[in-house]
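Right, I'll just put the structure down here and ask away after.
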C-alpha cells in the first residue's frame, strides 16, 4: 500500500461524488459504509506504521505547479497519524448517530460530510504548505453548509461568521506562507512549498517573529484562541449535532496542529520568544472561558466554551516545548476530540428528543434516562480529567510539561481542573439530578441502539486510552522528540537553544 | 515669435474648455460637442509638435483622431437616437435609473 | 504473591463491574447483595494473607504494566505492598466487607440497590489503588477515583430536590456531592503541583526513587513539595479550611458515610503524609510538619466544638471524624507516623461502627436525623444501643477500648515533643469528644421518648446486619490491645517513635488527666441529656440564642463566608465575563463587519446613476492625478 | 505675421469653444463649434499641415456638423434644455485647475534638442504627398483599421437608428420562434 | 521628390496580420451572408463566428514570437500572443451563449456577430502593437463596437449603459490623446520603444519629470477608465447592469485584459525609467479600487451588480501586479485573467441561464439575491455550479482564481510589499462575504415564492450547458493545468522582456 495516504484523502472525495447518485433513502447506509471503510483504512495505516521511525512515512510526492514549487506532498508521522484516525472515527460515529427521521435531505448531509472528511484528512497529511492551505480552506465549505442548512434559528449568521472569521485569518497566514517560500527562494534559488524543505531554512529572528505572527493569525482563529474565539459559541450553538461533533473533534485541532507542524519547527527562536505571550493568552483563555461556560444557560454552550477552555490547555502544552507537554497536548487533542465529540453527541441526543438544550428545561434526567446519564457521566469525568480516563493523560502531561516553563502559570492553568469541574458538575446537576421538574420529560426514552452504537465505542476508547495510552503515546513521543531535537538544532540564538534544552530534562539528569 | 509653447498652451486651454464642458453639460448632445473640442485641442498640439520636429507622425495622429472623432459622432448619435426614443429626453438627470 | 496482590486489588473491581454491567437496569437483585460482599471479603482475605506474608518476608513490589511514558516521564502501574499499605488494605477491606453486608439491610428498599453496590465496590477498588500504588501518579489515580466514587455516593439520592440552607445546610445530595468533588479538586491541584515538583527535580514519581533522592534536594524545594502534597491531603482529609464538604457529605447513604467519610477515604490524607514520611521527617521541612501538627490540633478542637451543639445525628459523627482526623495529623506532624496510622486503623473500626449504628437509628426513624426528635430508643433498639455505646466509649478514649490506646498515644506524643499548647488542646478536646459523643448517645437512646410525639414507629435492624456489625464492635474493643504487636510490625518501614524517659515517667498522670476529662465529659452529658421526668432535657432558648451557640451552630459562619465571598462572586463574575464576551469581544468583531457594511452604504451615494456626476468623478480623478504629478515633480 | 495669425486664431477659437462649452442654446453651441473647427484648420495651415487642414474642414465642418444638424432636428433642438448645475463652482474650479496645470507643464521645454525626425518633412514635397507617403506605408495598417472602425460606426449608426430597434425582443414575450424550440431544454 | 518605396512582401511580414485579417474577413463574410439571404437562424452565425474564432486562434498560435511586421507597426511579442489567446478563448466561450432558449434582441441581428468580430480585430490590433496610433485606433474600434453591442440588448437599461460607457469613453479618449501628445512632444515619436529610449536620454534634463509624469497621468487616467479603477470606475456597475449577462461577463475579461497589456507596455516603461510616481499612484489606485469596490459590493441587492463590483475589485487586484512590474507579477496578470476568465464567464453565464424576460423578482433588477433563494431545490446542479464559481471568486483553493491570487500575492511579497499582500488578503476576506451571501441564498434559504413556470430558470439550453461545463471544468480542474499554463505564460512574458 504505497499510496495509502492518497487513498485515505481521496477515497471520501470519490465516494462523495458518487454519493450524488445514491438513492436518498440509502444515503445513510452509504455514508456509514464509506466512513467505515475509511476508518478501516486509517487503522490499516496505523498497523503498517513504523512506530520506531520518527520521520515522515508513506510519503508521496507529485509536482503540481513545478515552476512555483507547489506539489502534492503527503506524509504521516506520529503526530498526525492519530489525528487522522480520530477524524475517520468521529466521522463514522457521527454518521451513525444521524437520525434519518430528523435530518431533511440526508443525501446532501452525507455528501458534505464525506467532502469534509477528505479535507480533514488532507490537512493533517499534507506536507506542502499550499496543499495544506488548500484543504484548510476547503474544510470551511462543507462546514458552512452543514451549519447553515441544518442548524438552529440563526444558523446563517453563525455559519457565515464562522467562515469569514476563519477565512480572514487564514489569508493572513497565506501571506506568511508565501513569504516563507520567497525567503526560501532567496536562499536556495528554487521555489518550494515543501514543508520538509522549509524545515532546513534558516531565518533571522526578526523575520521569524513576523512570520510567526502571520501564521498565528490563521491558527489562532481556528484554535480558537482568546480573544478570537467568539465565532465558536455561535457556530456550536447553531450547528446540528454532527456539525458540532466534527467541529469540536477535528476542525479545532487543525489550529493546534498547525502550530505544531508549522510554527514550532519553522520558527524555533520566535516560538521561544513568544512563549510568554502565547501562554498568557492561553491561561486567560483557560480560566476566562471556563468561567463563561459556567454562566451559560444552554447545555451546548457550556460544552462549546469548555472546548475553548480545553483548547487553551492544548495550546499551553504545545508551547511548553518539552516532550511531556507537547506529547501531552497532542494526546489531549485526541482526547478532547473524543470527549467533546461525545459530549456534543449526547447533547444532540437530548436535543432530538426534547427540542431544547436549555438546562432549566431538564432536571432529573438521570432517573428517566439512566444509561444516557451514565454515558454522559463518563464523558463528563473524562472531560474534567479523571485519571484512568483519556482526559487525564493529556491534561496531566500538559500541566506537567508546563510546570517547567512557569510554575505560577501551571497553578493558574491548573485551576482548569477546579473550574472545569465546577461548570461540568453544575451542568450535570442541573440537567440530571434533582426531581423531574419538567413533566414533558417524563416519558423520554433512553438511548436507543443507534445512539449506543455511536457512543459506546467512544466510551470504550475513553477508558482504553485512559488506562493504556501507550500505543498512542509511543509514536507521538517518538515524533515529538524528533521535532524538539530539530527545533533545538535549528534555533539560531543561544538563548532559544538553551531554553529548549533546559525545558527538556528533569534537573536530576542535567 | 510664436514658439511651440504658445501652441501647446493654447491647446491646453482649449482642452480645458472642452474638459469643463464635459463636466458641466447635462445635455448629452452638447456634451458631445465638448468632447469634440477636446479632441480638436489635442490635434493642435500634435500638429504643432510635428511641425517643430519636422516630423509627420504628429499629423498622422491628428488625422486618425479626426477619423475617430467622426466615428464617435456616428455611433454616439445612433445611441442618442435610441435613447431619446426610450427616455424622451437627453437630460442626464433623467437618464439616471441605474444607481447604487 | 503477585496473585494475591491482584486478587486483593481486582476483586472489588470485578464486583463493581458485576453489579454495574449486569444488573444496572434490573431491580434489586439479591445476587448482587451476596456476590459483592463475598468478593470484598475475598479481597480482605487476600489482604490478610499478604499481611502475614509481609510480616514474614517483607514487602512485595510488582509492576503490572506501563501506563504513561512520554519524554523522560515513565509511570507504570506498579504496586507496593509493604507494612503501611497492607495495614491500610486490611482496614479498608475489613470495614468494606462489613459495610457491604450492612448495606444489604440498609438499602433493602432502595430501587437502586444494585447501583449502590456497584459504586461501593468501585470505591473499594479505588481505595486499594490509592494505598497499593508504588508511585505518586498511581496514588493520584486512586485519589481521584475515590473522589469520584465519593461524588457518586454522596449524590446517590440525586433525585432529591434542592432546598434552602436553613432547612438542610447541605441543600441537596447532588449539591453536597458537587461541593465535595470541587473542594477536593482544589486540593488536588496542590497535589498535582507537588507531583510536578517532584518529577522535575527528581525525574521520577516512584516512591523508592523519590525518597532516595529527596535528601539531596534544596531546602526550599523540599518545603514546596511538602506544602503542595499536604494541600492535597488537606482536601481529602477535610482539614480546615477545606472541611465544609465533609459534613455536607452526610447526605449520602449512611453506609457510605461509614465507609468513605469516616473509615477510609478521608484518612487518605493522613495516609499520604505517612507514606511520604521520608519527606516530612526531613529537618528541612520541620516547619511544615509542625504546621501539620498545629493544624491537626486546631481542627480537632474546632470540629469538636461544632459537634457540641449540633442536633443532627450524622453531622455530629462527621464532626467527630474531622476532629479525629485532626488527631491523626497531629501525630503525623509530630513525627509519630506509626501512632497516626494506628489511630487511623482504630478510628476506622469504631467510627464505622458508630456510623452504622446511626444508620440503624435512621432506618428505624424513617431517615429522621434530628436528635431532639428521638430519645429513649434503647427499649426498641438494644443491640444498636450497645454498639453505639461501645463505639462512643472507644471514641471517648475510655480504657480498655481501642480509642484509649491510640488517642492517648497521640496526646502523649504532643507532650513528649514539648508542644504543650498542642498537648493541652488535645487533652481538652478529648473531654469535648466524650461529651458530644455521649450527648448524642443519650439524646438518642436515653431520656424521654420524644419520638412518639412525632409519630415514629422505630424498630430494630435486621439480625444479620447486627451480626455483621459485630466484628467492628469487637475490634473497637480489642484493637488497642495489639498496640505493641502493631508497633513491631510497622516499624519495619515507618520510623520508630519512642517516648522519652521523661514522658514515660509522667505517663501515669497524663493518662489519668485525659481520662478525667473524658469521664467528666460523659458525666456532664449524662446529667444533662439522659434524665427522664422533671430533669429531662429541654431546649433552652436562652442558650440557643447566645452568640457562642449560634457561632457553633453556623459552623463559625465558614460556609456562609464561602457562599457570600466565593460562590456568589464567582457566579457574578462569570455572568459579567459572559456579558463581556458577547458585548466586547464578539461585539468588536461584529463592529468591524458593521462598519464595513455601513461604509458600503455610504459610498453607494457616489454611484448615483447620474452620468454627469460620474464624469465629474472622472475629471476630478484625472485632475487629482495630474496635480499630484505636478506636486511630486516639484517636490522631486 | 505668424504671430498675428496665431493670436487671431487663438482668441477666436477660445471664444468660440467657450461658447460651445457654456452656451445654453444648442444652436449657438453647434454653430460656434463649427466655426471653431474652421479656425482650428487655420492653425493646421499655419503649421504647414495643409492636408490635415483640408481634412479638418471636410470631415468636421462638412460631415460631422451635418450629422449634428440632423440630430438636432431630430431632437427638436429649438426647445431649450434646462441644465441644472448642482455645483457650478466645482466645474469651473476643475476646468481652471486643468488649464493652470497645462500652462505650468507646457511652459517647460518640451521639445528635445537633438531629436531626429523619424518621418521628416522633406522640403519641396507637398504636404499631401508626404502624408500620403507615410500613410500608405508606415500607417497603412492603422489606416485600414480606421476603415474598419468607420464601418463599425456605420453599421452601428444604421442598426441603432433603425426601425428594428423599436420593438425589443428582449423585453416582449412574443410567440417564440418555432426554430428556437430546438434550443429549449426539456424541463 | 520622394523616392518610390520598394518593399518586398516578405519584409512586411504579413503573417503578423493574419489573425486580425481573419476576424475582419469573418465579419465581412457574415455581413455578406446577411445581404444574400435574410432571416437566417442565429445558430448559423454563432457557429460561423465560433469557427472564425477558432481559425483566428490557429493563426495566433502560429505566430512567431517577437516578430515585428508592417513597418514595425505590428509587434507580436509573447504578451501579445498570450493576450490574444485569452481574448479568443473568452470569445469562443462567449458566443455560444447566444443560443439561449429565449429570444433576445441582439442575436436577431447578424450584424451583432459582425460587430463582435470587428471588435475582436480591434482588440487584437490594440494588443499587438507598440505604436500609440494603432493602439488608439484599435481601442476605439473595439470600444465603438462594444458600445453598440451593449445597446443592442434593447432595453432602457442597456441604452443608458451604452451612453454612459460611450460618453466616459469619449472623455477617456481625450485623455489618451493628450497623454500621447505630451509623450510625442517629449520624444518626437509615437512608438513606445523609441519613446522609452528618448526619455531615457532626456531624463536628466530639468523639468522633464513634470512633463513625463504629466503625460503619464493622462494615460493613466485613460486606462484607469478602461480598467475601471477608482475613481474612473463609476461606469462599470451601471454598464454591467445594463448589458446582457454574458456581455457583462465578457466585458469584465476581454477589454480589460487588452487594456492591461497596453498598460503593461506603457506604465512599466515609466516604472523602468524610475518614475516612482507612476508606481505609487497605480498602487494607491489599485488598493482603493479593490477595497472600495469590495465594500460597495457588500451592500448590493442584485447579483449581477454585485458581480460588477467584484469584477472591479478583481481588476484592482490585478492592477497592483502592474505596479509591481516584475516578470512574475506580469505573468501573474495573465495567469490571473486566464483563470478568472473561466470562473467569471461561468458565473455570468449562470445568471444568463436564470434570466427571465420580465423582471419577475424585483422591480429593477433581473437577478436580485431573492431570485436565487432555495435554488438548490429548484435547480440543484445549477446551484452547485454557481457555488463553485462563487467560491472560486472568493479565492478558495483549489479553484481557479486562487492560483492567480496567490501568484500575485507572492509577487507582491517578492518585492517586499508585504503590506500589499496583506491588503489583498483582507480584501479577499471581505469579498468572501458577498460571494457567500449568494451561496447562503441558494443553499440555505427557502424559495421565496412557490415554484411556478414564471420562476423556473428555463433559459438554459444545450450550448449553454456546454459552456458552463467547460467553465466549471476549468474552474475545478485548474490545479492540474496551472503548471503548464504558468510555464507558457512565464516563458512568453520573459521573451517579451517584461
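Per-chain numbering from 1; labels A, B, C, D and E assigned in written order.
Rule of thumb we're sticking to: a residue touches a chain if its C-beta (ideal position, glycine included) is under 8 Å from a C-beta of that chain, and two chains touch if they have at least 3 such contacts.
These figures come from a predicted structure and were not determined experimentally.
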Mutual neighbours - chains that touch subunit A and subunit B alike: C, E
Graph separation of subunit B and subunit C (steps between touching chains): 1
Closest chain to global C-alpha mean, per-chain Cα centroids: A
Remotest chain, subunit B as reference, centres from CA atoms: C
Pair joined by the larger number of C-beta contacts - D-E, C-D: D-E
Gap in Å, rounded to a whole number, between the CA centres of subunit E and subunit C: 78
Rounded Å distance between subunit A and subunit E, as computed from the means of their C-alpha atoms: 43
Where subunit B and subunit E are represented by their mean Cα positions, the distance between them in whole Å: 25
Cα-centroid distance, subunit B relative to subunit D, in whole angstrom: 5
For subunit B, residues that touch 2 or more chains besides their own: 4, 8, 11, 15, 18-19, 22-26, 31-32, 41, 49-50, 53, 55, 57, 60, 64, 67-68, 71-72, 75, 78-80, 82, 93, 95-100
Of all residues in subunit E, the ones touching two or more other chains: 133, 137, 140, 144, 147-148, 151, 163, 167, 171, 185, 188-189, 210, 214, 237-238, 299, 433
Interface hub residues of subunit C, defined as touching at least two other chains: 593, 604, 607, 609, 611, 613, 615-616, 619-620, 626, 630
All chain pairs that touch each other: A-C, A-E, B-C, B-D, B-E, C-D, C-E, D-E
Contact footprint of subunit D on subunit C as seen in their complex: 613, 616, 619-620, 623, 626-627, 630
Subunit E to subunit A touching residues, read off their complex: 376, 391, 394-398, 402-403, 406-407, 409-410, 413-414, 418, 421-422, 425-426, 428-429, 432-433, 436-437, 439-440, 443-445, 479-480, 482-483, 486-487, 490
In the complex with subunit E, residue positions of subunit A that touch it: 63-68, 108, 130, 133-134, 137-138, 140-141, 144-145, 148-149, 155-156, 159-160, 163-164, 167-168, 171-172, 174-175, 178-179, 181-182, 185
Interface residues, subunit D side, partner subunit C - complex: 86, 90-91, 94, 97-98, 101, 104-105
Residue numbers on subunit C that touch subunit A, as the complex places them: 24-25, 65-73, 137, 140-141, 143-145, 148, 151, 155, 158-162, 172-175, 178, 181-182, 185-186, 188-189, 192-193, 195-197, 199-203, 213, 570-571, 573-575, 577-578, 581, 585-586, 589, 593
